[in-house]
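Supplied in structure tokens, the structure appears directly below.
By written order: A, B and C. Residues from 1 in each chain.
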Amino acid sequence: MDQLLWAVFDTLRAAGNGMMLSAQSDDPGLFMQTVNWISRRSEMLMELMLEHLWLVVLTLIIAVIISVTVGIIISYYESMAQTVLGICQILMVIPSMAMLAFMVPLFGIGFTTGVMALVLYSLLPIVRNTYTGIRELDPAIVEAAKGMGMTERRILFKIKIPLARPVIMAGVRTAAVMMIGIAAIAAYVGAGGLGELIFSGISRGHQPMIIAGAIGVSIIAIVFDYLLYYGEKRFAVEGRTREGN
Amino acid sequence: MIKLEGLTKVFPGHNIPAVKELNLEIKEGDVCVLVGPSGCGKTTTMKMINRLYEPTGGKIYIRGEDALQMDPIKLRLDIGYVIQEIGLFPHMTIEENVATVPNEKQWPKDKTREKVKEVMTLVGLDPDVFKDRYPTALSGGQRQRVGVARAMVSDPPIMLMDEPFGAVDPITRARLQNEFLRIQERMGKTIVFVTHDIDEAIKMSDTIAVMREGELIQHDTPSDLLSAPADEFVSNLVGRNRSIKRLHLIRINEILEDVSRGKPLNEDAKKDDIEKQLAESDIRSVIVVDRDNKLKGVIGVNDLKRKAGEVARDYCQDVSDTITDDATLNDALSVMLEIGEGYVAVVNEDDRYQGTITLGDLLNVVKEDS
Amino acid sequence: MLRNIWVWVGIPLIMIGIAAAIVIYSVNNPTDSIVARMLTYERVFRVIREHMGLLLVSMTGATIVGVAGGIMLSRPSLYRIGRVMETIVNIGQTVPSLAVLALFYTILGLGFRVAVFALFLYSILPILRNTFAGIDGVEHNIIEAARGMGMHPLRILTRIELPIAFPIIVAGLRTAIVINVGAATLATFIGGGGLGDLIVTGLSVHRDMIIINGAVIAAVTAILLDYLIGKVEERVVRWA
């Protein structure tokens, strides 16, 4: 416990020092340094940001295809469901550094490793939401469709998936926000993106670089979260409300 | 016991008062029923009495003491409160729920346990069945009874009951009402009771307070309210068929003597006796009892022809339903309509036969009054 | 009873056993001299100790501050601030853990304490939010019934509000622990040590054996903690 108190104390002292330093010294403060650095390196920043987005979007597409399929399958085979969801839960709980580390011996350093780790991570939220979204539909609706002579295939595509869509979307949103953060870490194993700025910034002690990277990643995450939140709401208007993740 | 003087409540941000200049006095041991349309301020009035809401103006006296000067927590511990939404604690068993106030008062555990059992039985919930359940495992009506038990467990001299029987079916409701009245006769608590149901109000009350838009329109005994409604609003509220409503006011045991129709048949009576009694009967049936005066059954004119036998016991059939003598005439009417007969047998608490009431008797009561 | 022992002791021991077996095997059969030098019991114990230090200190602090803060913000006088805080916390949680650590590094520099502090702040968020939301979610009429029966506000908090909110608070703790364990492996980047050290070392000297050891221990720690708190979560609600 006193470790923590020390940490609080240190923070206050350091913050105080930091302020006094920047107030007294002639060189521009950290904030201005960062702004300058960003304006000078805007092209590189743009490139890294696109790289980051590409990694996330590509994995998201793969993850959605796999996870939704798995979610649908286990919604038919109740006995498998708990096992599959349990495995996904375990995958998500594994620390991202550990997950990336497991991938390195298999796929080496690079983009693929990042993609693989990210896909494994995003399984749980999407699989679980697809599964619960379908399972928690009012059974009367499915009965009615059966009663009208719809085939199981048509029930799936015309009834179940459309009605479960808002819940699935909520899972996609959780997965996407998580991925943006983990993609940053994946830069350490060569997957590229804004994480590179953070890591090389730390190793070189280049503060503006770190701040640009950290804030860049945070902004992407917040914006994604916001956009998908509205997407989710749009879907929800069609009937169902969002299911927690 | 309870006296409200110019009691007013204006909720912040509202310009019309929810309760306006309310004057009301409730005598010790009386049941005062608040009635009125939804939103007229009944709940608000109650919550001011136990100070869940602070009045904007006016005074509240309880046993002559200024309630607004008292410590609200002490005040509330001595006022039983049945909240409109029931408000059971979902994480506590029924026993723990009912024991809330004793635990607040730090009663000894044994005493609490005994008392909880007692009140649960009183409201018709078998403690052995229900005490370890959680509220989610109860029906709406059962929950409501737990709410009532919880309010009365510490024997508070005053009870505030906000629609305590709102969520139960009419038959259970009538039963709970009768139980309530029986308990009240013994305990003599001072009770403020809210209901939407004017019939319930007439049946349960010593006095009725009619409210509209936060104001008290009339405060009277039920029979005065029925015979002399203060204005159009009140007379609409009590409804057009006021004379039928009188059936709520009269208990069966009050008229049973006047309508006495001779002795019931003993189960060992011979066929001749049966025939003789049947001929005299205005309901074309005779009631049969055993030696202890317990109800055995009934013999109709047709039963005598259809069945073979020696004594009454051989001919009689079970009765579909009976009624206790402390129920109201209205309850008797409901039972008759339900079993599709023009009469109903009356028994007392120990199941002994007391007499028989017919539709004709009810008609006479209604006619006399109007 | 037997089932209980299995759930609370058996399964955790098996998980720890697997990790221990891998460590023991690796230390005794290093693939080359570099592994032999870098993967020693001493080193493994040190990083585990550091890791547990990071977790324990930051989680204890975050739980105390988060629960206390959540309770305070749910009081009527601070309720408005609580609602604003909810929004801020939601945004804060969207910020990736690496970004949080990196930003704290730029302000406070390197070290164990900085890492602890960053983890502490980051883990407060889910606990604070769930405590607030859990208490806020207690139905109004339940509180009113309690008040109406003469319960003291403090007793209402301890006997009614907190027990009803408890499952949600535990869910918040679970989220916080999972996030915290994950972020703790990143502490190494800002000189905080922990199991991340082993992984990063392994990556820099290109020795898979070291990488796997770090990853396995980190993964088992995370899975075990999540498993245990998940079991607690199953137990706490007898009434729903």
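To be clear about the criterion, contacts are C-beta pairs under 8 Å (C-beta built on N, C-alpha and C of every residue); 3 or more make two chains touch, one makes a residue touch a chain.
The structure displayed is predicted, hence computed values, not measured ones.
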{"item": "From chain B, the most remote chain by mean C-alpha position", "value": "A"}
{"item": "Centre-most chain [mean C-alpha coordinates]", "value": "C"}
{"item": "Pair of chains joined by the greatest number of C-beta pairs in contact", "value": "A-C"}
{"item": "Chain centre separation in whole Å, for chain B relative to chain A (CA means)", "value": "61"}
{"item": "Chain B-chain C separation of Cα centroids, rounded to whole Å", "value": "56"}
{"item": "Centre-to-centre distance between chain C and chain A (centres being mean Cα positions), rounded to whole Å", "value": "19"}
{"item": "Shared-contact residues (touching 2 or more other chains) in chain B", "value": "none"}
{"item": "Interface residues, chain C side, partner chain A - complex", "value": "53, 57-58, 60-61, 91, 94-100, 102-103, 105-109, 112-114, 116-117, 120, 178, 181-182, 184-186, 189-190, 195-196, 199-200, 202-203, 208, 211-212, 214-216, 218-219, 222-223, 226"}
{"item": "Partner chain C, residues of chain A touching it in the complex", "value": "1, 3-4, 6-8, 10-11, 14-15, 18, 30, 89-90, 92-99, 101-102, 104-105, 177, 180-182, 184-185, 188-189, 195, 198-199, 201-202, 207, 210-211, 213-215, 217-218, 221-222, 225"}
{"item": "Chain C contact footprint on chain B (complex, rising order)", "value": "47, 50, 52, 73-79, 81, 83-92, 100-101, 104, 134-136, 150-151, 160"}
{"item": "Of all residues in chain C, those that touch chain B in their complex", "value": "139, 141-142, 144-152, 155, 160, 163-164, 166, 238-240"}
